[in-house]
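In the part that follows, the structures are each spelled out as structure tokens.
Each of the next two complexes has chain A plus one other chain: chain B in the first, chain C in the second.
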Partner chain A sequence: MAVIRDMIPAFELFQPTSVDDALSLLAQHGDDTWVLAGGLDSFDWFKDRIKRPKVVVELSGVEELKGIRSTEDGVEIGAMTTLTEVATNSEILANYGLLAKAASQVATPQIRNQGTLGGNVSQDTRCWYYRGGWPCYRAGGNICYASAPQAMNREHCIFGADRCVAVNPSDTAPTLIALDAKMIVKRANRERVIDAEDFFIGPGTDITRMTVLRPGDLLTSIRIPATWAGASFYWEKVEDRKSWDFALVSVARAMRVSNGSITEARVVVNGVAPYPMRLDAVEAAVRGRPLSEETAQMGGEVAIRRAKALRHNDYKLPLIRNLVRRALRGRPA
Partner chain B sequence: MPAVDLIIDHEQRGGVSRRTFIKGVIATGAAVSSTAYLFRSSGVFAETLTQGAVERLITLNVNGQQRRVDVVPHETLAMTLRYKLGLTGTKLGCDRAECGACTVLIDGVNRYSCSTLTHTVRSQEITTIEGLEDSTGQLHPVQQAVVDEGGFQCAFCAPGFIMSMVALVEANPNPTRSETAHALSGNLCRCGDYNKILNSAMRAAEYARRRA
Partner chain C sequence: MAEKLIGKDIVPPDLVAKVTGRAKFAEDFRAPGMVFAKLLLSPMPHARVRNVDASEALSMPGVLGMLTPDDLPEAPPRSERALTYEPLYEGEPILAVAAVDETTAADAVERIKVDFEPLPFVLDPLKSLHPNGPNARTEGNYFFRSRDPEEQGFRTLKWTEADFAEAGEGRMPMGEPQTEWTVGDIDAGFAEAALVLDETIVHQSLSHHPMEPRSAMAYWQNGKLYLHTSTQSVAQTRVGVARALDLEPDDVVLIGEYCGGGFGSKIRGSPIQLVPALLSRKIGRPVMLRITRYEENYIGRSRPGFQARVKMGYRADGRVTAVDLYIVEDGGAYGSGDFRTAGTVASLSYQPLSMRLRGVSLYTNTPPRSAQRGPGGAQIVGMLEPIMDKAARQLGIDRVAIRRINAPDNNGWLGPQRASLTSAYVREALDKGKEIFGWEEKIRLSGRRNGTKVTGVGVGLSPFVGGSTGFDGLLVIRPDGKLYIHQGIGNLGTHSIADTARAAADVLGMPWNRCVVVWGDTSNHLPWSSVQAGSQTTHAHTRANHAAAMDAKRKLQEIAAREFGGSPGDYATADGSVYLRSNRLQRMSFAYAARRAIQIGGKYSGHELADNLNAVTVTSARALAGQGLVAAARDTYRHEGSTWSFVVGFALVELDVETGQIDLKEYTAVTDCGTVVHPRSLAAQLHGGAVQGFGIARSQKWVFDPQWGVSFAKRFYTARPPGILDVPLEMKWGAVNKPDPQTPVGAKGIGEPPVGAGSAAVASAISDALGGQCLCRTPLTTDVILAALEGRKQPYGPLEIHV
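Presenting the complex of A and B:
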């Protein structure tokens, strides 16, 4: 547990009340600007004095970033909507229960009451070497402490390592990919609609960032199309403690079954790679197969192909294999 | 034993307990020790305000009162409550949104005050443990339940737990024991007194139903 250090170092605080104002503040202040949503990831960085932005743009006053509304094709969730709202919203519960379930298992009630969906998907990794301020690759240095011979890397990745072996900590991220969500990202004169799958990036793309968001960008909302509305869903999060904890491994699955066969499935895992990882090979392997124990066993084996364990995390291989099997058996969690 | 008795006796007779004394010191602004230490390194008083940034002198709605207070932009609500407003019932345990000792209600919702910037709750209603009893001094049903059940051992975590219990009984007047455990999962007790805390919460819900 961290030591209490007197106070957060000083920064200039801006509290815009509209997206336009927020964007112009971000454009005006440049790289030294920190976007603050619920703040639950940010304050650790500030209190530890590892990240010391000069300017903080705090978004709780921007009403247009909050709330959940139905659209012609699904539902749109403002980036500043709290996880509690996401977990208890009737439409999300009815049609996109996968997301509601994941949101309801993030951290603790207090954190869900304040933490936002936009913040949850934009979280930085929990690798403690990096969070502890070690000058690793991700922090701009030239070494990975977590993959050194003596390193403690029980929580680190088994896929997608590229110098950095940290994992993405978000619970909602894999469910958004499974639901084929679109992330709406704005900056000064531009709006981009990005597939959730492409929103998260690995160290091979940019080792200092977890998502495509660059300074000046603002994630404004998340759209979930009706594609998977009311499908069969499976969510499971494995954690050391029953509350608070980040997932060691999680699995999100959306599936449509007809006449006892899997017509289509999306299987996404997190906690195993620097980004929430869609298991395309598993999806392709089970498509058209009967919903059976044999299919589930096969899917589990396919899931861990090419996985590469570090010294202390080989338990993640059987774990993810078994979670994918459970997910493919088609029973609710 | 006599020595202990003496101290207690002295505190009661003098009418000024240690706690009241400390609060008094904070309130009069003479608290050179803790406050100056806490706000020391950040250069708080030397800052200049840039155009467009937040005003420092704000009014907070705390326990039904309007409180004028000078708040720096990077100040957490726990700091403001404890060291500016003297509301030391709210505890700081981890200061990392992990232990729940700093839990307060913001517009009736339980949140960690150690991880909330004071400036973000300017227009909201803040309720701390001090604001639970009513104007006649009658304890809140949750407080009464905790007293009756002897719910806590050392009780450092109690204010945070009680605030979470208040949020629970407001939202769900008839919770099951497992719903109660879920609702209190954001608060930690290092004495490991969870069973009695859950007993208190169940009784709290019962008292609240009776009073409603």
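Presenting the complex of A and C:
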């Protein structure tokens, strides 16, 4: 059968107005159901006719999934809150500026107006073999084309390869891990609270998914505890162009400093592994160390200790090393 | 007397429609009973279709028919057809299906079973030159053109193992060329040189990415084809369509009032526009073919990439003594000849004491090439200008100064025939650019480090051909007193339809608010015009409209003399009247003159026409005859030598030495394009072209999987053309504004040279920020720059392409 792209096939569309309705629709229609938030990832898949759900549950009418509110212990962000709102919200700017900054650098202003935080963290990978419809491991096949000897893989991973070498494309994901955010996932009559760090999964866990979300699950909100409120933050994204690009590499860092020494730090990178990756070794290595160029240099080296480049992505090693260094210098980006 | 329009900003007549969304582009049209077509594209880079089974698709409800290569008219063997059974690149259209809506058409395409036999393919022309390398086409790897039909045809060119072995590691081998020319004595040139540089450089292939894809809608009425299409040119596209379908031009009504960008990819529309025309004829319904962005990336044309070896000799004072240039051009599936223009541009830019060009252009199984804004020129400028910087550094000469030393002036030459120029004010442009950009202050910032940021400053000189001659102007002064300026050129966003019309208005002293520009629909009777390409239009059609306006003026003077007495020379025109010079009260309005012209008839009303007009113009003028004072004339103004425009670009960047990220902070472009016709529009060309150049230098590219021969850069986010956020806030411009002496208005074309200037200035600034290191490839992406900064192995080999 011939392949045709750029034409969305017909599907059954549901537009619920409450979380309960959304959940019952998901339960009712099962595995063939697709949850549609801002649509920026979904419509690419639909247009290419590669992902062809029979049923689409579109969430823009669910008001309870939108908005940002203060809680006793931090802030709760509805999954359907736009990235623009996240980037400009005064409380997030004041206490969790790391997230605001990452949200403000997603794609383009238009995409940020339409794209949501829940959608941003739930994005599928942009590996161009997989997105092109190649029958790779992630697509249910038994080969990874991107790690073949001649493959084009400048944008692929240097850590965490496990049959698949794709990377997570989300800008906000590493900041949520750095802020120790909790992902609220509902399903029929059950609610789970999942650490952001555990929300994202690698191919070793399930090669067909980027997150723990399974059919029937709904990410309803993201809670950011006050743990890191007002801490020192660093965010940087390196990309090939400034208009609509995914990060080649990004770094998110939250840190507390006392008397010139790092008391605690969380350092998370993305674009280098199939999941946003917390650099535990770096965090441990710098804890208690003076905030100095020496510490920064050391942290950078630790960051790439186990990295392994593919044919075309050797630059990601010095790049992530340098970004981690910068993050540890303690100066704002 | 009306104020001269040339040199003033005006509001173009299409502006309001464009900004309010009322402008209708090809895909906005509907016709009664219209249906939609979708294409089936080849999934592999080279194949032969053994069988098509469309039975299931054609039996689906709502499916109305199919167009296959069997339904196409014959075409010469090397030329591209709209559909093919031997796809030469991934994405080449095989067939089209028509259905009541696009969803049904797409579903039908999906149900067609095509049996493809995969054939050998090649993505890199150097690989095709290998003794055992594959050919992109079964017939050979290039087409030998000759006037002798016996000699002309497909051929295969292979280099020897020795040719490949001879070149050192990473240096481009140089075997037998297809083309070679020499000017002067290059051995003597190199012997005389105090410095000789020998570099291997790679320039990427890249797509045009016009905002509007090449959609088209067609229907037939009483034997005539009505075609709404996205095209750069109108009069010439109509003739092209008629020829392709074996119709008389009169049997084609071509409508293309608006074109959302072409950049050389829609000069006469596109081959694919024949699909709705033929499918409509076949099924008897109007057919719309909306080309998607995905399809546009395959069929939307592209700039050919070069792999080049450049040897340049310099005297100690910076004068270029010798240029020895060898270009291997990636001609894509249907061939290209940009390297020839590249050689000519190099000779013009540097006026070398001696020069040799050798080149080959080979077929590859990659999308078709076509002219792309400054074809050949933008590539070679972007490749050679950094070498000029390198020489300037080694010789201790200022980088603007070394360009000034070698720049052409009015006595300059170009190409193998040492052709002469109509004018060249390059030194003036360099001087003006230095002043506007502030070169002397900015160069002091070169290499300045601020934290992890290093400042780099660059300059690039870019010439391109700026005009043709011999086309027709057609004007009507109607009894409503207005001047109707008929334009057969296209409207691809450059304002040429209005700007070249001003030449006619100025000759007659006609205020702009009483001028009506008629364009974009051949049923409105348009004259024979240049293609809206090759930066020809400003030159060609200020001339043609000037000539037609002179004809109108003579006729007005004669009518006035008949009415009031005296000789025609006693009368002048201004503000919509023809009047006696010695007594301005003795006057006749254009409205009255138009009525008189109709009454007198003959040449005044368009019933008698000059015998040197093109047949297209004659048909249009005859259709207008009797509607007013009709003036039609061919441009026969003197023109000796070649007309070229020049742009000098200046850029300031900040390079982050820890990330390889480039921030383009400032850009200035200064041009010699003769007389400035429309300042605001000129600025748009200088800056808009530069933005495309920034993409060449920094981010835009193609990526192919070498094992499977398929493309990844088929979405904007993977092809990475620059967006508005990649454009510096600070963009300045200037113009020498000296008239070209060989054209009545003094204006030369300017659409193309801004691209090379933008690309070269940014590459030059990046190299400056790297302390003078020339990375000898485009685009200079983060990975390439960071590898250089970190002293690591480059991510791609020095000759590697499509990465």
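FYI, the second predicted complex is superposed on the first by the 326 of 333 C-alpha atoms of A that agree within 3 Å, B and C clash if a C-alpha of one lies under 4 Å from a C-alpha of the other, contacts with A are read in each partner's own complex, and residues count from 1 in each chain.
To be clear about the criterion, a residue touches a chain if its C-beta (ideal position, glycine included) is under 8 Å from a C-beta of that chain, and two chains touch if they have at least 3 such contacts.
Note that the structure is a prediction, hence the values are computed from the model and not measured.
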Q.
Once chain A of both complexes is superposed, is A:Arg326 in touch with chain B (first), chain C (second), both, or neither?
A. second
**Q.** Per-residue touch tally on chain A - higher for chain B or for chain C
**A.** C
Q: Answer with first, second, both or neither: which of chain B and chain C does A:Trp128 touch in the superposed model?
A: second
Q. Touching A:Thr108, do we find chain B (first), chain C (second), both, or neither?
A. both
**Q.** Partner chain(s) touched by A:Phe43 [first = chain B, second = chain C, both, neither]
**A.** first
Q. Looking at the overlay, what does A:Ser60 touch: chain B (first), chain C (second), both, or neither?
A. first
Q) Is A:Phe14 touching the first partner chain B, the second partner chain C, both, or neither of them? A) first
Q. Same chain A residues contacting chain B and chain C, which ones?
A. 1-2, 4, 6-10, 47, 108, 242-244
Q: Note which residues of chain C are touching chain A in the complex, please.
A: 38-41, 43, 102-103, 106-107, 109-114, 292-295, 452, 658-661, 698-699, 703-708, 710, 712, 716-718, 720, 722-726, 781-783, 786-787, 790, 792-793, 795-796, 803
Q.
Per the contact definition, I'd like the list of chain A residues that touch chain C in the complex.
A. 1-10, 47-49, 108, 126, 128-129, 132, 145, 148, 150-152, 154, 236, 238-246, 248, 312-315, 318-319, 322-323, 325-326
(Q) Give the list of chain B residues in touch with chain A in this complex. (A) 37-44, 47, 50, 52-54, 72-76, 79, 92, 94-98, 100, 103, 109-112, 115-117, 119-120, 164, 167, 182-183, 185-186
**Q.** Touching residues on chain A, where the partner in the complex is chain B
**A.** 1-2, 4, 6-15, 25, 36, 39-40, 43-44, 46-47, 56, 58, 60-61, 84, 107-111, 113-114, 242-244
